[in-house]
Amino acid sequence: MQRRLVIAILVACAVLPIAFQALGQRQVYWLFVISEFYVFAIVAISLDLLMGRSGQISLGQSGFVALGAYTAAILNQRFNVDLPLGMLAGAATAAVASLVLGFPATRLRGHYLGIVTLGFGIAIDQIALKWDALTGGDQGIHLHRPALFGVDAGTPVRMYYVALVALVVAVLLVRGLTQTRIGRAFAAIKDSEVAAAAMGVPVARTKVLAFIVSAFLAGAAGGIYAFLAGFVAPEDFGIESSLLFFAMVVIGGMGSIPGAIGGAVVVDAVKNAAATVSGLSLALLGGMIVLVVLFFPGGLKGLLRTRRIRRERRPAPKGVVRQDA
Amino acid sequence: MLEARGVTVRFGGLVAVNALDLDVPDRGIFALVGPNGAGKTTLINALSRVCPVAGGTVRLGDVDVLSLPPHAAVSAGIARSFQRAELFPSLTVLENLLVGLHSTMQTGLSGALMTPASRTEEQAARARAERVLRDLDLWEVRNAAPADMPYGHQKLLDVARALVSEPALLLLDEPFAGLTEAEAPRLLACIRAAGERCAVLMIEHHFELLEGIAQRMTVMDFGQKVSEGTPASMRTDPEVIRCYLGTGRHRTAAASAC
Amino acid sequence: MTQFLLQIALAGLAQGSLFALTALGLVMIYNASSVVNFAHGAMGMAATYVAYVLIARFEVPFALAFAAALVAAFVLGAVVQAVFLARLRNAPLLSQVVVTLGLFMLLEGLMGIAFGYNPRPMRESIAIAPVILGDLVLRPQDVLQLALLLILGVALAAFFAATKVGLGMRAITENTYAARLMGIPVGRLLAIAWGTGVALSAVAAVLAAPTTSVTPNMMDTIVVYGFVAAIVGGFGSMAGALVGGLILGVVVNLIDAFLAPELAMSIVFGLLLLVLYVRPDGLFGRAQVQKV
Amino acid sequence: MMGLSKHKEEQMQHVLSRSLAVLALTVASVTTAGIASSQTATAPGATVEGDTIVFGQTAAQSGPQAPIGASKWGLEAFIASVNANGGVAGKKLRLISYDDGYQPAQTTALDKKLVYEDRVFAIVGSIGSPTTAAVYKALNEEHVPLLSMGSGSPIFYEPGLKYVFPSWPIYTTDGETMGNYVKKHFPGQAAAVIYQDDGFGKPILAGIKKSLGKVDLEIPYVPSQVDFSSAVIKLKSSGIKVVMLATIATSGAQILNQMDSLSYHPTRILTSSACGYGGIFGAIKSLEGTYCTAFLPPPGSSDPQWVEFANAMQKYGQGHPPDIYAAWGWLAGQVAYAGLEKIKGPITRDALVAQLETLRNFDTIAGKINYSPERHEGSCCQLLWQAKGGKWEIVPDSQFNGSAMK
């Protein structure tokens, strides 16, 4: 049943450009918007892997997206590097940067991480603005028309498929990871570091690994975004966008890939619908986050899965009388 | 064969375990008893590398246990359960067991790519975990969330998760605490079977229960070994009666574990 | 040169006192409830609008408007604890932190809707001409900030040491469960801790307003430095937060004067990472024992 | 029983490989069918066919940069007054304005919407340097006119951008106007520049250096900075007597207030972007005597162009004050109108560009505008205002003629 739904959605996404032919040139805009959404969904999935799956908060995810985007853009501008290589280089750069953050992060108590990643996001922004010889400062970098193995990929339809395939691959990779050893270790350290260590999970190394994988994905998304938009500038990767990714994960329901994608849909919709009034989308998303945490801890994912029994029972609290004392 | 010599654990000024010697043979069930705050859980924590040790040596076969990082205790053959079942609520019952197999597996990030090697290993691990689940009659609930199970089953799963890696030394911290009469027999059978294959060191208060299964027991108080022997001989030991059966001083219940 | 350094240090201490006030509030809330309040700056900002409206629309004297802002902040903090955080007492820490982030977005958004993003001017808190000693200028605003920080710091220390409420809060910090068993009104004390913490943020925000102007994001930079100050101070130590804030203020001003002001926050975070590499519990923090 | 789980596993693999296969097949078929390559770069709406000419605009209405979005209301007022007088070339004007929150990514998406979904005729009066920088190349390639953007950033003045028509004096002119005046009236005095470290502040700094030769102290900052104590202390203790501020409005206000509180009173010169807003005399206590570069008449001036604008704002401005931000929008409308009005025959984008390139000494609220096929630098000149008695007054002898065509 659910399997069929997934395939149906996938087929619908794949044939969408054909349906959009009817829109004539309007499809240029719509395909761009949906492609952009696919890329954001990859970032949401990457953040969900880190926050929802391994329990580490990040408020600077767009810092990794920025690193990926700038790496791809700079390589493209200077050396004419095309899309696949630019994307991988972006992903690698973000992963390396995450090492710098990740090592101290493992030694920090949970909430420090939120603050340190927040600082990372701000710093990337400031450096991109300052180091204009490399990044073009606030005037950003224009990329050449994207190419895939020598074939022009610059049409809206082709970039649409690039983004769609990237999203599907990201979903499959993350799904594969969460269903095998390392993914289970991520969940284990989120639930109980002590028990995870007792089961043989190296806690610090696994946390750093989660950080690296998450940054790699976010960086790859950044690389694709640079080619999709044809332009990167520091303003696009500020705290505001980190908060949007954060909202996607929380509203969608942490620890679930469909949740992250659903969250991305909701956040994107709210952002666009509420754009006319200053502060409205921020207030709506903030309010939704509060409501979700208070009343629907499972987020969208939890709302849609009403059939399942609610997991309310918790293990007996500390200090409860033992059977024999 | 576990050999602990002069193991000492300190918390600030408090000496929780004081120069303790302990020998555990290769097979059988061995018990740690003593009043609350005697340092039993702390000893288990020290042996499983959860808490830092101030002095002493611990050898398991040829391995210097205290030199290992916490997560390496399992691959050295030491697995443990927890006083309050410390399960992973966001994983299913089966996945909880698979985490217990973490150190026996190699698959890294390649799991994301579903390489043939990682798939073969994953299938083997699942088969192994499923066998244990079937033995313990948890097969039906393998895809449930641990929190949805009755507490007795959670404790059982906690023990099974330690067992699944087939350790040389199994450390159990009050496995029967919180269990109902109806739930206990299954766990008892499971521990008994484990004792056939490896050494089980368990903390337990229930004297009659121990008489049935434990070969030897070590009595601890104030972080020290007070007495050692078979359960039968312990019944009459005056030291044990004084401090364990509670005809002595008053104690505060708030003494913390580790 | 010494004059210059002295003046920089003075400005740094004045700015640092704002960081310290924010950090004190953060630590106060953290100590009581183990939650890092990401809505801290936004809550102080919201209270500042109370003062702003009273002054700009109703021409209330500054001191009175300031007091009203503090009351509003206290109520806001207490209500947030009682309505939102109390429900999450048994939820994972991550959920509690996430809720404060949601509140941060909600408050900034609401103020944006209500007042727009145009910066609104705020009158100086005291209208006295600066005192000039040689080349050194002593700004009354700076002196007020430092003085308030020291007075509030001492008052809080005394409050914790001497009063029943303070003792109860320390008991909660040590062990909430035991405190509840011992009949300490945990809920009420947590509300007081949150109220007081947010009021401290409001003190910083109202004092900062003449410089930053009143906008929905007026506290963003200050609260981030407040976080850093609290971490440097060991997150848990009030004295650490106070000293950490003052040090940070001077450091930021030195960076502004001698390095690159446009990279100030990046440099500060780089330094913070270094500090955490060497001392994971901050400069003044104690290592914490993990409990099983 | 063993087989059951294996079966499930295999089924999962099967589903995954099947979905991938479906995806690959569709992608392949769609691409080979040639649909993908049928997209061309020409944008729709190159000729106005109906009875309405639609302009598109992006401007921040939310977020920290929202104040400059007031430009929208000036443009709306201009369009309303043109329509009230019968429109242009027999057609009415209409504006579609979107909020991009000052984020280039948003501008990229919204301009695609304006061009392909809303089929606007031209992009008029969009606000912001980084936001416009994100789209100007694509618009030029798609042959969509980009008129009178709210920016003096040098990138828009580069030759070869056939469809891009800036109307502000290039930012270096701001700097040269300041430097020139300082050279003439404060010769030999130690001078410093505080500049925003980006594509807005740096060209102004370059202009100052060009006209002044050198400056004694340069202090960069970023817009998020709120405390300028150390910058001001540094200026003061370095004995600087003239401070030029290449800042946006909020930072400029913060710096001037900081100077006042530290009893430091040098000669101050702001840039045009920092001093045109309505509340400036309330926001800055010691504004008296401060200079400001300008290419528009001071608010409240009796300049006929300003009076016309202020009257239109009163009538059509929907309650928004006639401040400098709104005047930016008004100016954009005037530039677009100037080109449209001269078109004889069908109204096409190329006709608009052709007419704009013949514009000579066209009167706008920003003075005379000139374009030629070679140069799209519409506006040449700046002068200074000075704050006197709670309002701005034009400083005589401060006019600077920039590099524009003579």
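Letters A, B, C and D name the chains as they come in the text, with residue numbers starting at 1 for each one.
Keep this in mind: contacts are C-beta pairs under 8 Å (C-beta built on N, C-alpha and C of every residue); 3 or more make two chains touch, one makes a residue touch a chain.
Everything numeric here is computed off the predicted structure, so don't read it as measured data.
Distances from each chain's CA mean to the overall CA mean are smallest for chain A.
In terms of the distance between Cα centroids, chain C is separated most widely from B. Set against one another, A-C and C-D show the most C-beta pairs in contact at A-C. Chain geometry summary: the mean Cα position of chain B and that of chain C are 46 Å apart. Centre-to-centre separation between chain A and chain C, using Cα means, comes to 31 Å. Rounded to whole angstrom units, the spacing between the C-alpha centres of chain B and chain D is 69. Inter-chain spacing, taken between the CA centroids of chain C and chain D, is 37 Å. Counting partner chains per residue, chain C has residues 112, 116-117, 220, 260, 262, 265, 292 touching two or more of them.
With touch defined as above, residues shared between interfaces to two or more other chains in chain A number as follows: 126, 129-130, 194, 277-281, 314, 318. The set of chain B residues that touch two or more partner chains comprises 50, 82, 114.
By the touch criterion given at the top, residues 51, 55, 57, 59, 100-101, 103-104, 107-112, 114-116, 118-120, 122-123, 126-127, 129-130, 193-194, 239, 243, 246-247, 250, 254, 277-290, 292-294, 297, 314, 317-319 of chain A touch chain C in their complex. The residues of chain A lying in touch with chain D in their complex are 3, 6-7, 10-11, 14-15, 17-18, 21, 24-30, 32-33, 36, 126, 129-130, 132, 137-140, 142, 155-158, 161, 164-165, 168, 172, 229-231, 233-236, 238, 240-241, 275-281. On chain D, the positions that touch chain A within their shared complex are 15-16, 18-20, 22-23, 26-27, 30-31, 35-37, 39, 43-44, 61-63, 66, 98-99, 101-105, 108-109, 112-113, 115-117, 129-131, 133-135, 137-138, 153, 155, 197-200, 202, 222.
Taken together, the chain D residues at the contact with chain C in this complex read 62-67, 197, 219-222, 224-227, 229-231, 233-234, 236-237, 249-250, 253-254, 257-258, 261-264, 279, 282-283.
Those residues of chain B lying in contact with chain A across their complex are 48-50, 69-75, 79-80, 82, 84-91, 95, 98-100, 102-103, 105, 107-109, 111-114, 118, 122, 125, 145, 147-148, 151, 154, 161-162, 165, 174, 176-180, 205-206.
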